[in-house]
Each structure stands twice: as C-alpha cells, then as structure tokens.
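By letter and in written order, the chains are A, B, C, D and E; residue numbering begins at 1 in each of them.
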Amino acid sequence: MISYNPKDWITFIFRFHRSDTVRRLFPMIVLISLYSAGIAYLELEIWQLSAKSYVRNISVMHTLLGFVISFLLVFRTNTAYERWWEGRRLWGTLVNNSRNLAMKLAALLHAEAEERDFFRAMIPAYAAALQRHLRSEETRIELFDKLPAGVQQKMDLEKHIPNQIAALLYNRVLLLAEQGKLKAEHLFFLNLELQSFTEVCGACERIKNTPIPYSYSVFIKKFIFFYIMTLPFGYVFSLGYYVIPIVAFIFYVLASLEIIAEEIEEPFGADENDLPLGMISRNIQMHIGELI
Amino acid sequence: MISYNPKDWITFIFRFHRSDTVRRLFPMIVLISLYSAGIAYLELEIWQLSAKSYVRNISVMHTLLGFVISFLLVFRTNTAYERWWEGRRLWGTLVNNSRNLAMKLAALLHAEAEERDFFRAMIPAYAAALQRHLRSEETRIELFDKLPAGVQQKMDLEKHIPNQIAALLYNRVLLLAEQGKLKAEHLFFLNLELQSFTEVCGACERIKNTPIPYSYSVFIKKFIFFYIMTLPFGYVFSLGYYVIPIVAFIFYVLASLEIIAEEIEEPFGADENDLPLGMISRNIQMHIGELI
Amino acid sequence: MISYNPKDWITFIFRFHRSDTVRRLFPMIVLISLYSAGIAYLELEIWQLSAKSYVRNISVMHTLLGFVISFLLVFRTNTAYERWWEGRRLWGTLVNNSRNLAMKLAALLHAEAEERDFFRAMIPAYAAALQRHLRSEETRIELFDKLPAGVQQKMDLEKHIPNQIAALLYNRVLLLAEQGKLKAEHLFFLNLELQSFTEVCGACERIKNTPIPYSYSVFIKKFIFFYIMTLPFGYVFSLGYYVIPIVAFIFYVLASLEIIAEEIEEPFGADENDLPLGMISRNIQMHIGELI
Amino acid sequence: MISYNPKDWITFIFRFHRSDTVRRLFPMIVLISLYSAGIAYLELEIWQLSAKSYVRNISVMHTLLGFVISFLLVFRTNTAYERWWEGRRLWGTLVNNSRNLAMKLAALLHAEAEERDFFRAMIPAYAAALQRHLRSEETRIELFDKLPAGVQQKMDLEKHIPNQIAALLYNRVLLLAEQGKLKAEHLFFLNLELQSFTEVCGACERIKNTPIPYSYSVFIKKFIFFYIMTLPFGYVFSLGYYVIPIVAFIFYVLASLEIIAEEIEEPFGADENDLPLGMISRNIQMHIGELI
Amino acid sequence: MISYNPKDWITFIFRFHRSDTVRRLFPMIVLISLYSAGIAYLELEIWQLSAKSYVRNISVMHTLLGFVISFLLVFRTNTAYERWWEGRRLWGTLVNNSRNLAMKLAALLHAEAEERDFFRAMIPAYAAALQRHLRSEETRIELFDKLPAGVQQKMDLEKHIPNQIAALLYNRVLLLAEQGKLKAEHLFFLNLELQSFTEVCGACERIKNTPIPYSYSVFIKKFIFFYIMTLPFGYVFSLGYYVIPIVAFIFYVLASLEIIAEEIEEPFGADENDLPLGMISRNIQMHIGELI
C-alpha cells in the first residue's frame, strides 16, 4: 500500500506514479488513438461522408447506453471497494483479537513465564503465517525459530499452516485447563478470541478465491470494448480530428475504473493498492511483545 | 464456477465462452435484428415517412425512460449479487465452523480415538449433505459409508438430511457430557459452532426458496420488452438501416444484465456462475482430516 | 407468494397475472390516456399552438426532473425491498432457532417423553401464532388443541399470544432446571434460541407498524401525479397524438414501481407478493416433528 | 408519527396535510415565483435579449449539474432515512429486551412477588425515561410513583435518568444473586438484556447529537440556492413566462427532499414524521404488565 | 465539530464559515476563472473560431462523462461518510461499554471503595488516552495523576497507551477474581465490555491508517482536473464570457465534494467537521463519576 497525503492535489495531478492507471493504460491509449485517427481519416478524407449520413447519429446509442455503462462501473467499483474494505476489517479483527488474547492470557498466566513465552511467539506467528498463506508464498521455517523445539517439529509445512497454529493454540489452552492452570470458566472467557483466528482466515480465503461472477467480468469488458470501438464513428462528424484525444480520454476513464477494481477486489496481493499485510503483521508482533 | 484471470482482457473480449450471454442471447438477437430490419424497411421504403413525422420523436420516450430502466437493472444486479455473495459467505461460515469445531474437539478429546473418528466423518458429511440438499440431488448412501453402522442405520434418506446430521452431532456431544468425557462448561464452548450448522442451512434454504418478488420479475421483463420493441420506430429516422445492429446491441446489454442476475440470484445450482459448492465441500473434508 | 420460474420470459411478457400492475393500473391508464388525448386535441385542433409557442419547451422541466424522479423511485424500491427481505430473514431466523432449540432439547431430554411432547407442540405453535398475530387474524383455539389441558387454559386469547407462548417456553425450561432435569449450565446453552423468538416477533412488529415516513409517501405520489399531468403539454408538439400511448406507458412505469413498493414494504399480509408465512409455519411444524 | 394508508392516492395528492412540504415551503415558493417573474420581465420586456444571446445557454450548466444535485439529494435522503430507521430499530430492540428480561425474570422469580413488582415498574420506566431524555423534557416525578419509596428517593432528577434506572436494575439483580435468589449462572442468562438498555440509550444519543457533517449541510443548501436562483436566466428564452411555475415546481421538488431529510434525520423529536416513542413506551408498559 | 441548527437556511446560504468550502477553494476558483477568461479571450477575440469549428462540440465529451464523474463523487461521498459514521459509532460503543462496565462493577463491588476508585479513574482514562493516541498528541502525564502511584509508575508513555490501560483493567479484574472478590462467573459477565475497549481502539486505528486506495484518490483528482480544464473550450461557443462564472461554479461543486470527503474520511483529527472526541471523553468522565 502507498502512504500518501490525500490533500496534496498538485502531486496527484502531475506526477505519474508507477501504479498510476495513466502509465498502465498507456499502450492501449496509443492504440485507441491510432484507431480513432484511422476512422477519422477514412470518414473525413476517403469516404467524405456527408453531414446527412446516418453514421453521424450512431452517437445516440452512446448517449442511451451512457447510463448503463456508468452504472455498471459504479457497481464494479462498489463491490471491489467493499471487498477491499472487508479484507482490511478482517485484518483489523486479527489485530484486536491478538491483542485481547494476549492481554487476557497475560493477566491469567502472570506467574507462568514459560507459557507466556509460548503465546508471545505463537499469536503473532498466526498473522505472519496467514499473510504468507494468502500470498501463496512459502512459509519460511525461521518463522517458527523462536518456538520450543517441540512445536517446530510438529509443523507440517505442506499442510494448511494457519490451521495448524490455531490448533496448537487450542491445544495449549485446553492443556492448561487440564493442568488446572486455567479454570473451566476461563475457557469460555478466551473462546471468542480463539475462534476468531480461524474465522478471519476463512473469510480472507473466501475473498481471495471468489472473484465477482465470471459473467459480469466478461460482460463489462466486452461492453467497454464495443462502446469505445464504436465511439469514433458518430463523433467524427461533430469533432473532426479532435475525436482522437476525446475517445482516448473516455477510454482512459472507463478502463481505469475497471482496472482499479480488478486490482483491489483481491486485496491480499502485493499490488500497490493492496493491503499492507506485512506492516500489520509486524505491528501485531510489536504490540504482543509489549503485552504478554 | 469458472476460474479465470480477471486481467486477461483479450480472452474476455474475443472468446465466446459457453456461458457467455452473447451465445445465450444469440437467437433472440437475430430475431430482434430481423424485427428492426422489418420496421426500417416499412418506414423507409413502404411508408416513406417524412422527417417531419411525429414518429421520429418517439425516441424522447426512450431517453426519458433510459434513467428508469438503468436504475432498475442496477437494482436487479445489486440484489442478485448480494444474494450470491451472501450464499458464498454462508459457505465460508460453514468452512470456519467446521474447522473450529474440529480443532476444539481434537483438543478436548485427544485421548478418545473413536470419538474423533466419529466427528472426522460427520463434520464434513454436513457440508456434503447440504450441497446435495440445495441441489435437490439424491443423497447417496455411500456418503455415510465410513460411519459406524449404528449411525448409518439411523439416517432416513426421505427426511431432511442436514437436520439429521446436526441432530447426531448434538446428541453425541451431549452424550459425551453425560459420560463425563466433556464437562458442562465445554458445552458452552462448543455451542456457537454446533448452532451455526443449522443457521447456515436455514439461510441457504431462504436464498434458494425466495426469488425476488414476482411483481419485479414480471415488471422488469415487460419493461425491457416494450422498450426494445418500440426502439426502432423513432431511431430509424436518424439511423436508417444502422438501426439494426444498434437496437440489437442495446438489447444485448439490457437483456444480459437481466439474464446474469437470474442466474446468480440462486447461487447454489450447477450453472457456470454458481458457487463451487463441490470444491468447498472437498476442502472441508481435507482440512478436517488434517485437524482431528 | 407466487412460485415462478424466472427464466420463462414468454409467460412473463404476454400473460397478465392477477397481481400484474398492468391489470391493477388499467383504469388509471385509461383515464390518463383520455386526459392526454384531451390535451392533444386542445393544443392541435382548438388552440392550434404554433411550433414556436413556449408551451413546447415545458418538456425541459421533465428532462431536468427525470433524474430526481428516477432516484426517488429507486430509493423507494430499495427501502421496500430491504424491508421485504428483512422480513424474510426474520422468518428464516425463526426456522433456524426452532430447529436448533428442538435438536438441543431432544438431545438433553432424550429420556423425558412428556417434556418432548410439550416442546414438539409449543415450538411450532410460536410460528403459527406469530403468523396470525402479524395478519391480525384471530388465533384459533385449535392451535393449542394438542397441548396438555393445563397449557390450554392458561392462554388468554385477548392478550399478546406470541409473548404468552414464549413465556411458557421460558417457564418450562426453568422448571426443568429447578427439577434438576436440566443443569444450570444448560440454561445458557439454550439462551440464544429462547431469546430469539421474542426478537423475531418484535422485529416483525416493527416492520409492520412503521411504514416509510409519511412525508416521503405523500411527496412521491404528488410528484408522480404532477409529473404525468404536465407531461402531455410539451410533448404534444413533438409527438402529436402519439403522446397518448407514450404518456400512458410512462405513467405505467412510474406508478408500477410505486405500487409494487407499497405492496412489498409490509411483507406479512396476504398479497400476492407477500411472504409465504403459512408455508414456512407448516415447514417448521414438519421439521420439528422429525427432530424432537 | 402519522398513521396512514399508503394505498390511498387521492387523499395523498389533493389533501395538504399540516406537515406537507407544499404548505411549509409555500412562502418560499411565492418568493421564488416573484423572483422568476422579475427575471422574465427584465429579459423579455426591458432588455429584450435576442435569442442569440449567450444568456440563453446558461441552461447547459443546469443540465450538467442536474446529475450532481440529484445524487446529492439521494445521498441526503438515504442517510437521513437510515438514521430514522436505525432509531426505529433501536426502540424495537428496547421492546424486545424489555419483554425478554420480563419473561426471564418472571420464570426465575415466580415465587417472589415483591421482586416482580419492582421489575414490573422499573423495566417500562426505562423506556419512558429514555423518551423524556431524548426529547429533553423534564422527567416527571410521577414516573416513579409506583416504585417503593426507597427507589424514589435514590433518583437524582438532575443527573442522567436512564443511567440511574439501568444501575438500579443491575444492583437489584446482583443483590438477588448475593441473596441466593438467583444463581451465579443466571447472571449470565440475564446479561445481554441488562446490557442492551444502555446500548440503546447510547445509540439514540449518538443519532440525536450527531447531525450529518456541517460542511455537507452547508454545501447542499448553498448548491440548491444558487441552482434555483440561476435557473430562470437561461430558461426564460425557451419558456417565456411559463418559467414562473416551472422554476417554482423544481424548487418545490429539490427543497422538499432537503426539508424532509432535515426532519427525519433526528427521529426522536415530536415532528409529524418522528418516531412514535410515546406509543412504543405505552406498549412496553402494557406488555410487561402482562408478562411479569 | 460544529454544532448547528440544520433548519436555519439563511445563515447557511449567506454566511461563509471558516470551514466553508467556498473560502477554502477561493484561490483555486480565482485561478480557474482567469484560465477560463484566457481561453474565452483566445477563442473569441484572437482565433475568432467560427461557430462551425469542431472545437464547439468538445462539450459532447463533458455530457457523456458527466454521469461518470457524478457517480465517482457519490462513491467518494458515500465511502467517506460511512467512515465518519463508523468512527462515530465506535465512540458511541466506547460510551456504552464504559457505562455498562461501570454499572456492573459498581453493583459487584459495592463494598470495595478502593477498587471503585481505581475503576472510576481508569475507565474514563481509556477514552482520553485513545483520543490523544488517534490525534498523535503526546499523552500528558497528568492524565494519570489521580491514579494510585503504583499505576502511574507502570505506564510507559513511549508505548501504546490505550493497550496498557486495557491490560491494567484486565489485570485488576482477574486479580479481584483471584482474591475472591469476584467469582469466576463474573469474569464472563464482564468479558464483552473488557474486550470492546481494544476492539474500538483497533477499529479507530484501522480507519485512521487506511485511506481509500491510492489509485482512486489519484484518479478522481486527475479526472476532475482534466474535466474542468477542458470545459471552457467547448462552452465558450454557447456561453461567451459567461463561461467564466459557470466553469468556476462547476469547479466549486465538484471540488467541494472531493474536499469535504477528504476531510471527513479521517474523522478523528481536529478539523471542523471531525468528531467531537474531546466532548465525548468528558461526557464519559462525568457519567462514570455518577455511576461508580
């Protein structure tokens, strides 16, 4: 994720950041411009269509469908943003639950240094493992370096790592209850936090594995394509060669919305607009270290 | 569900997938084109209506109602998508609760291999049975093959299968509590997970059995039909025979939105855009096997 | 509620179901057509207004306000649909909680046939009583026929029936706890289900008793009325006598949206689009019978 | 709140209720009409601007900004309605929790008549006190008349009354637990209901004390004002003196939406559209009396 | 936050408050006016473009993109408002939980004056510390003045203060449980309130640290800029020098929406529209003082 000051308009307008859609769409914008230029040349110089030609009125279609395409792009933008924001909220829940679990365990186990070491290592390990899991990176073995050897050997890096960490947390808490270091009532006191790790993980997997329905994705792209491709025909009559920058700008606007939506609808990757999972993980580690 | 790479524009635009609305609407598009051609022929060649004819201005109605039809299609798209996404979320909840229940039971029953066998078979069986229930497929008896004979005989395949599995889970947990293998406090620790199976099932049945109100479904279809049928009359004057592809394209856009919405508003079927219930069920089975 | 196949376009377009807005608005559509014909006759034949007349441009107002009226109708449609869907969700919750309560009690009370009889009768009685309560029908005494005589006599049909049933459920559960047939911990295990009956009832009463604010209802109807009444004046110039079907069609579209919204915003009645409370109640009865 | 039959169109259209925006905006509508008449007189009679004058095209601005103003009013309408509906939902929660608490306590304390008297008086007192608190009315001392003298003396009418009632409820419940009339487990059984009184109160205070951000309120009003004030300039050319009723009608539409939103965004007052807090309070009193 | 009477239109329209966007955009409005004047001068006086020039029709682009820019600004407004309102709701939760926790502890610890002193100081300290934390102000040591010396010394002002206060609350509650002043069941009775402090804090941090995705922020600003910059070219033909105030007004409208959204999307600062955190904190302190 890029940190930025939203009030700095000048920079926004004149700097072309690496993830700026102007840069990413640049080749397409050039192609569309050449295409528009070609259509304009044909209509104005070669065919010399008269102003009475029916072709001029093709633009009524663009006006009529202007609503629909705008609505569709808004639908796309809204759903993509909601997924992005839900992803962010899920990681916020992870932060909250990690903190609450650490505080509760610190208060319950104030005399058991060894147990607290275990949880101090394992709670932040969940966030780190979830991050790798969502980005499909390999989980590095060092992640578990600081853990007692017993734990390290139990991990099977081929299987679902976050699940294994959650299971270890459950096991340890129930072991403490069996040993009488925690009371049965405390189980319940810790229940929501323990549960929520797996809920966050499942919800992140859901967002990651379920893009918007295939048909919408196809339909929106086809629609933008034909809308833009037919745009120069009618507008050459009223705009002459000015049709070139204007079609290019309209393409830039419509395609930008689609491209940004594509990027943020899966917010766990390493794209520029994706969520700062690494930073959140490190924060969890730092705060848990302070709390338990 | 179709897996796809949302960033691959070329494929989206030029390939016509089996579930693509272009293919599914093709016969209708041909019919609408012939109809428009007929109207154009009548107006231009037979009746030779003058450009002063009032018929030309019928298009003001289409502009005025352009807003309303766009809004309606957006309403349709939003509600259909929300139902689809709610369905996905429900199955995500099923995944989370299956995992959490398995982890908790594994930690509580680490010494009871037989009990764990029971839950290892029954928890994923719920998802599999729910899938069949929602698709109204017959539940195959093999589903319960691995269970102890006692359980198998108790199932009545004529009745509501998911309810029976949930009831078996409740019974087993409470039996363990009676036998002292679980404490009374543990009941409460397991409560939310046990409850949520039935909640997911009920919510999926709600989505499946309640399409949007009949009146909206009728009204939107009637509206699209009359809108498209009257479209050529006015536009022939400004578009000539170009009216044919343009009306066809507008029809394609409006009808596609309605057709996609119809498909995804009941997301548990086996349509191309429906949710991958089979895959989710198999994932639950795999992960539960690792956890308990 | 009408069961229908949303993919059957032909039926939708050409059949005029009893609840179809075309049929219900028919008298008004005729009146509006006559009115438009009158205006057209006056302007074209009697006053013979020239095309330069300012009256012609009254239609700019309709274009300008076209947005606003569309937005308002969408707002109306969205809020009405949300209320309808919330009502459906509440009854879904009732289904889920009835099932969960039955399963839990069946597992807890497997040896107490009499108690299970009580709950097998009372749990579905709640849904049936709520249905009658929401439709303001009299609760038939037979509803409680199968209950032990003691319960039957306690019901006061003049008072709030669902509350009395919920209170009976609470009393029985707490009596079982006092008698030692349930443990104190089990109270908590059953708490959410017991509570939720009253929550569903209260929420349904809220939807039923609170239509959208009076001012919106007035304003939207006044707005549609004046919009349609002034529509012919300007459009006669560009449409001639075609203004008659066109104004009628625009009226049909706008009024349909308002009429459907009126119908579904109170979803517990017996209108064609209302929720199938009877069917849901019967389903609860059937499934509870299987479970306890 | 006004009770009304939403299906009675005739009354809605031709009756001008006291809270109707037509009546409330009437003086402004007259002023705007005079202003438009003045502009029309100046342009048509005094300056006699030719049809070629640039002034005629000022209306392009109104078309272009027509979208934005519509969107803003929809945003305003949506947020105001959501606050109104959230307020209604909160009072619905109060109803539900009062009922559930009464039922639970009635079942737990069936032998303690005195305790039940206390709760029969105090639970509905919360709703009544909250109503007065939200309307900033003085709490009448009679409200607490029926309570045992001890309670009455403890109330400090200068302080936050609902908080004091909630605290009394907590104290009594915990006293009963200390006295052994309730078990420790029952505390938990009653927890959600006890908590929710304060949650409803806090949420109502939030809605009451937080209008939408000042900048939006200013901006929307300024925008409507300038939009309407500049409207006659351009439209005189196409509408002549018809500009007077048309500008007045457009003003009526835009200002109505803002005025209704202002009224319902704070739904706890005594405006015509506000929530029927008094009726809900009385209902709570009646039902609690039946239940405990 | 500014307190205001939303029904006082005159003040809103004619007073230019310090935070009014008219004042804040004034320099830009002047620049845009000069720019428009320059374009108008060039086109009308220097180049003397004929009315047939293609440049005149550049405005078709502005009409076509008018939808998209309106939609985008509405998307921006909605998301910013939702964040602002979520922030307000979070602080409302803080109020509710502080009150509920105080009431519960007051009822549980009515005999322990010292313990109640501790919580009377610490509960409001959380809100005060969270306010400073969110505004990145230094936490003043006086905040902890009234606390027993032991607590004061434990605070490390370099670390996350709200976390430390939450941990102190947990520790004290669990210490009371160990000492037998609270029962194990009471832990659970207090659990939700204790948890929620950290949840509110985490959610506020999430809103504060996650602006909307960088790409949207860039894209909207670039889009407004180019939209406004190209606006005079086409409109000079139909508006002459009137293009100057009109372009300025359109700029004012579009930029105001973006500027207000920027301000309220991070609602915890000290901007005029930001939430009144200080007032809420003081209210918590006052009410907690009354309750415990």
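Keep this in mind: a contact is a pair of C-beta atoms (placed from the backbone, for glycine too) under 8 Å apart; a residue touches a chain by one contact, two chains touch by 3 or more.
These numbers come from a predicted model, not from an experiment.
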Minimum number of chain-to-chain contact steps, chain C to chain E: 2
Relative orientation of copies chain C and chain D, as a Cα rotation angle in degrees, nearest 5: 70
Chain centre separation (chain B, chain C; CA means) in Å: 23
CA centroid of chain A to CA centroid of chain C, Å: 37
Multi-partner residues of chain A (each touching 2 or more other chains): 63, 67, 71, 74, 185, 188
Category of the chain touch graph - line, ring, star, complete, other: ring
List of chain A residues in touch with chain E within their complex: 1-2, 4, 6-7, 9, 12-13, 17, 19-22, 59, 62-63, 66-67, 70-71, 73-74, 77-78, 81, 84, 88-89, 92-93, 95-96, 99-100, 103-104, 106-108, 110, 183, 185-186, 188-189, 192-193, 235, 238-242, 246, 249-250, 253-254, 256-257, 260, 263-264, 272-273, 275, 287, 290-291
Residues on chain C engaged by chain D in the complex (per definition of touch): 54-55, 57-58, 60-61, 63-65, 67-68, 71-72, 74-75, 79, 159-160, 163-164, 166-167, 170-171, 173-175, 184-185, 187-188, 191, 195, 198-199, 201-203, 205-206, 210-219, 221-223, 225-226, 262, 265
